[in-house]
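First chain written, first letter: the chains are A, B, C, D, E and F, and each begins at residue 1.
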Amino acid sequence: MIFITKKLEFCASHRLYNPEFSDEKNQATFGLCNNPNGHGHNYTLEVTVCGEVVEDTGMVLDLKALKGLVQNEVIDKVDHKNLNVDVSFLTGIIPTAENLAIKFWDLLEPRIQGGRLYQIKLFESDRNFVIYRGENCEGLD
Amino acid sequence: MIFITKKLEFCASHRLYNPEFSDEKNQATFGLCNNPNGHGHNYTLEVTVCGEVVEDTGMVLDLKALKGLVQNEVIDKVDHKNLNVDVSFLTGIIPTAENLAIKFWDLLEPRIQGGRLYQIKLFESDRNFVIYRGENCEGLD
Amino acid sequence: MIFITKKLEFCASHRLYNPEFSDEKNQATFGLCNNPNGHGHNYTLEVTVCGEVVEDTGMVLDLKALKGLVQNEVIDKVDHKNLNVDVSFLTGIIPTAENLAIKFWDLLEPRIQGGRLYQIKLFESDRNFVIYRGENCEGLD
Amino acid sequence: MIFITKKLEFCASHRLYNPEFSDEKNQATFGLCNNPNGHGHNYTLEVTVCGEVVEDTGMVLDLKALKGLVQNEVIDKVDHKNLNVDVSFLTGIIPTAENLAIKFWDLLEPRIQGGRLYQIKLFESDRNFVIYRGENCEGLD
Amino acid sequence: MIFITKKLEFCASHRLYNPEFSDEKNQATFGLCNNPNGHGHNYTLEVTVCGEVVEDTGMVLDLKALKGLVQNEVIDKVDHKNLNVDVSFLTGIIPTAENLAIKFWDLLEPRIQGGRLYQIKLFESDRNFVIYRGENCEGLD
Amino acid sequence: MIFITKKLEFCASHRLYNPEFSDEKNQATFGLCNNPNGHGHNYTLEVTVCGEVVEDTGMVLDLKALKGLVQNEVIDKVDHKNLNVDVSFLTGIIPTAENLAIKFWDLLEPRIQGGRLYQIKLFESDRNFVIYRGENCEGLD
């Protein structure tokens, strides 16, 4: 088994707040990220698939196809967007890095061909990033 | 003469559009950056000062003081902000990287102590960046 | 379960040697790192916590609180320090990257709130780094 | 147990094709990478070894020795080379990143001293990389 | 005047040799880069244009148009190619980083709209790069 | 004219203080960098030479020779060293980045063959760096 990763980027704006919280609680919980007019990031997304190497190609899967899938299903929907209002699959969700990673997993996992999705790694900045490996990973790593 | 640079970061959202343009012209001019609800970036700012080395310190200037100045005058005003609406010194200005760099220069240039401001370098992403050296640099470099 | 990482940096000096070794054995074991007057590094520390996403915040934990904890418990004690003589929790320990990572784990693991410490990753340089996941990780990964 | 990683680099050219495929199938399978005259990359190789910290050195193993081993067994054989024709241990193998990682594992795994090889991570570019952990890792991570 | 830079990447193979040199002289001159079957790199190209900021757009020029120009005129012609045999504008030229930068300048300089080409910066690796500013820059910088 | 740059790295420790200053003045001037037992950095050094491209090699100069020169004259003397006490050419000098850059220039400038030294760029960290272009550069750039 081998793990292969494709890195892509997008830029987007967001505001972190829970509409059911008071203003004070939103500020205490989300701090600077609660700025009412939002802020933004250059996000980096690393999608890792695992599988066996196919002998007559030397590859786990067609990396161009994987790139196209991630581009179509994720990047084109979030790039240069406001994550609170422009993205249908994020409606009603607080657009933290954690929630983005989980939603990206849910979108991509059933569509990967030639391997299975192993990991979503999402950098909100060089200094903050999250990893999600699906619901069944607990206890393994 | 020596050049000394301090790098800092901030994240912000913006939308590029000219209120005097039609929607069509805004779209044609600014493309993805014209998304009505905005998008955002992790910006990297490099401030370069030039001057003589002071013999009994071995330094051009106090780099902590320079960092504090840039933090107070620029970073605290734009970090986790919406550049179209939250920043008083950007009122009425299209918040392109070019315009940000010029405004940061105008804010910092008169306040530098122990040298003179040589260059503002602003990265909107790893792939796009601008440099501004003030109005008098033309023809020198 | 999701994994969230905060990256911080510090710079420090150290000398690698074992006072019970002869000079020759210290030199053979530690090479350039045995220079009697020491040398130094810009270290990068990545602290990874894992936990469930809290539904009404969309976060595993308060990343600002995590950053504050690592800053107070680790960074402030080692930054701009000589690791052989200035740091009480390193007394009597050879300050290799391996030992630093273990000591940082021991300091942070009982203090993490809102998740559990999963991993300490410490870069001594861009080319050398270590990972520690505690004593109970063996056989898992 | 601790994980220690050494990063090294090499540059090489390759062409991806299977001599048993038709030209059309090679083109469909490998795309741009099938250019008959080849292309190339700056590869980055990260070799990770795991083991216990030896108490009187504070180290898992001698990192200089690990670097020397990887340099001799891998880097010197592939650096500034054409991977399709210049490297004896790659004869008859399509030089994809996946196959390179497996071959590097096979070369290094029996030769590591003072720990066991945990992982080979090979970057073909900043945007594409593979990880291999040997044949026995399946199901663990 | 402001300077705006677009960064793009390509990967290619090359061999450095002069057909008029003896094998010995080629080896002495080009060393590892003279490997008969070639080697390769991930190149990074930074194209810098300078000009005045246009007031009603806040931009020097349309960065998408600049990207499209560099993509069409340079990247598409050299990406995933062998620079010794696949690129018509390099025929008869030793494909060093120096010569590539000069040729890229010659291709792009007359085609830039909305500013003038200021600089070509070409990284052959993270550790080696060249800068070219045209024939008239001497003595200025 | 073309500019060619070679990047190398070293790690070292230092303490910033002026023995003619009082303890209080040293602390006020140098802050954390005045820690009596020192601290350290991974330094990155970029040496830029400019010259004409030699037609029958396509190169300004032999980059291996440049690398060897910088390695011998600079890196081997400062790598894994204490800059306050281990380096003869720094005796009596406060080892700030500014002073290091000037001393490296003075060592290298007369020894460059096949071009002339244009610039020394020294990174003390990713966030702080200095540039020196010799005594005659003033007013040019």
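Note that in this section a contact is a pair of C-beta atoms (placed from the backbone, for glycine too) under 8 Å apart; a residue touches a chain by one contact, two chains touch by 3 or more.
Because the structure is a prediction, the values reported are computed rather than measured.
Engineer: Hop distance check: subunit A to subunit F, minimum number of steps through touching chains?
Structural biologist: Between subunit A and subunit F, the shortest chain-hopping route counts 2.
Engineer: What chains, if any, are shared contacts of subunit D and subunit E?
Structural biologist: Joint contacts: the list comes back empty.
Engineer: Along touching chains only, what is the step distance from subunit B to subunit E?
Structural biologist: Tracing touching chains, the least step count from subunit B to subunit E comes to 1.
Engineer: Find the chain most remote from subunit F, comparing centres computed as mean CA coordinates.
Structural biologist: The chain farthest from subunit F, judged by C-alpha centres, is A.
Engineer: Considering only mean CA positions as chain centres, point out the chain farthest from subunit E.
Structural biologist: Relative to subunit E, the chain with the farthest C-alpha centre is C.
Engineer: Return the chain pair with more inter-chain C-beta contacts, choosing between E-F and C-F.
Structural biologist: Output for the comparison: C-F.
Engineer: Note whether the interface between subunit B and subunit F is symmetric in residue numbering, meaning over half of all numbers used appear on both sides, and answer same or different.
Structural biologist: Mostly different residues form this interface, as fewer than half of the numbers used are common to both chains.
Engineer: Using CA atom averages as chain centres, what separation in Å is found between subunit C and subunit D?
Structural biologist: Those two chain centres are 28 Å apart.
Engineer: So the centre of each chain is just the mean of its C-alpha atoms; given that, what is the distance between subunit A and subunit E in Å?
Structural biologist: 34
Engineer: Whole-Å distance, subunit B centre to subunit D centre, using C-alpha means?
Structural biologist: The computed centroid separation for subunit B versus subunit D comes out at 42 Å.
Engineer: I need the residues of subunit B touching at least two other chains; which ones are they?
Structural biologist: Within subunit B, the residues that touch at least two other chains are 126, 140-141.
Engineer: Once the touch criterion is applied, which pairs of chains come out as touching?
Structural biologist: Contact pairs between chains: A-B, A-C, A-D, B-E, B-F, C-D, C-F, D-E, E-F.
Engineer: Give the list of subunit B residues in touch with subunit F in this complex.
Structural biologist: 1-8, 48, 53, 56-60, 62-64, 140-141
Engineer: In their shared complex, at which residues does subunit B touch subunit E?
Structural biologist: Checking each residue of subunit B against subunit E gives 16, 18, 20-21, 29-31, 93-99, 101-102, 126-133, 137-138, 140-141.
Engineer: Give the list of subunit E residues in touch with subunit D in this complex.
Structural biologist: 9, 11-14, 32-33, 35, 37-42, 79-82, 84-86, 125-126
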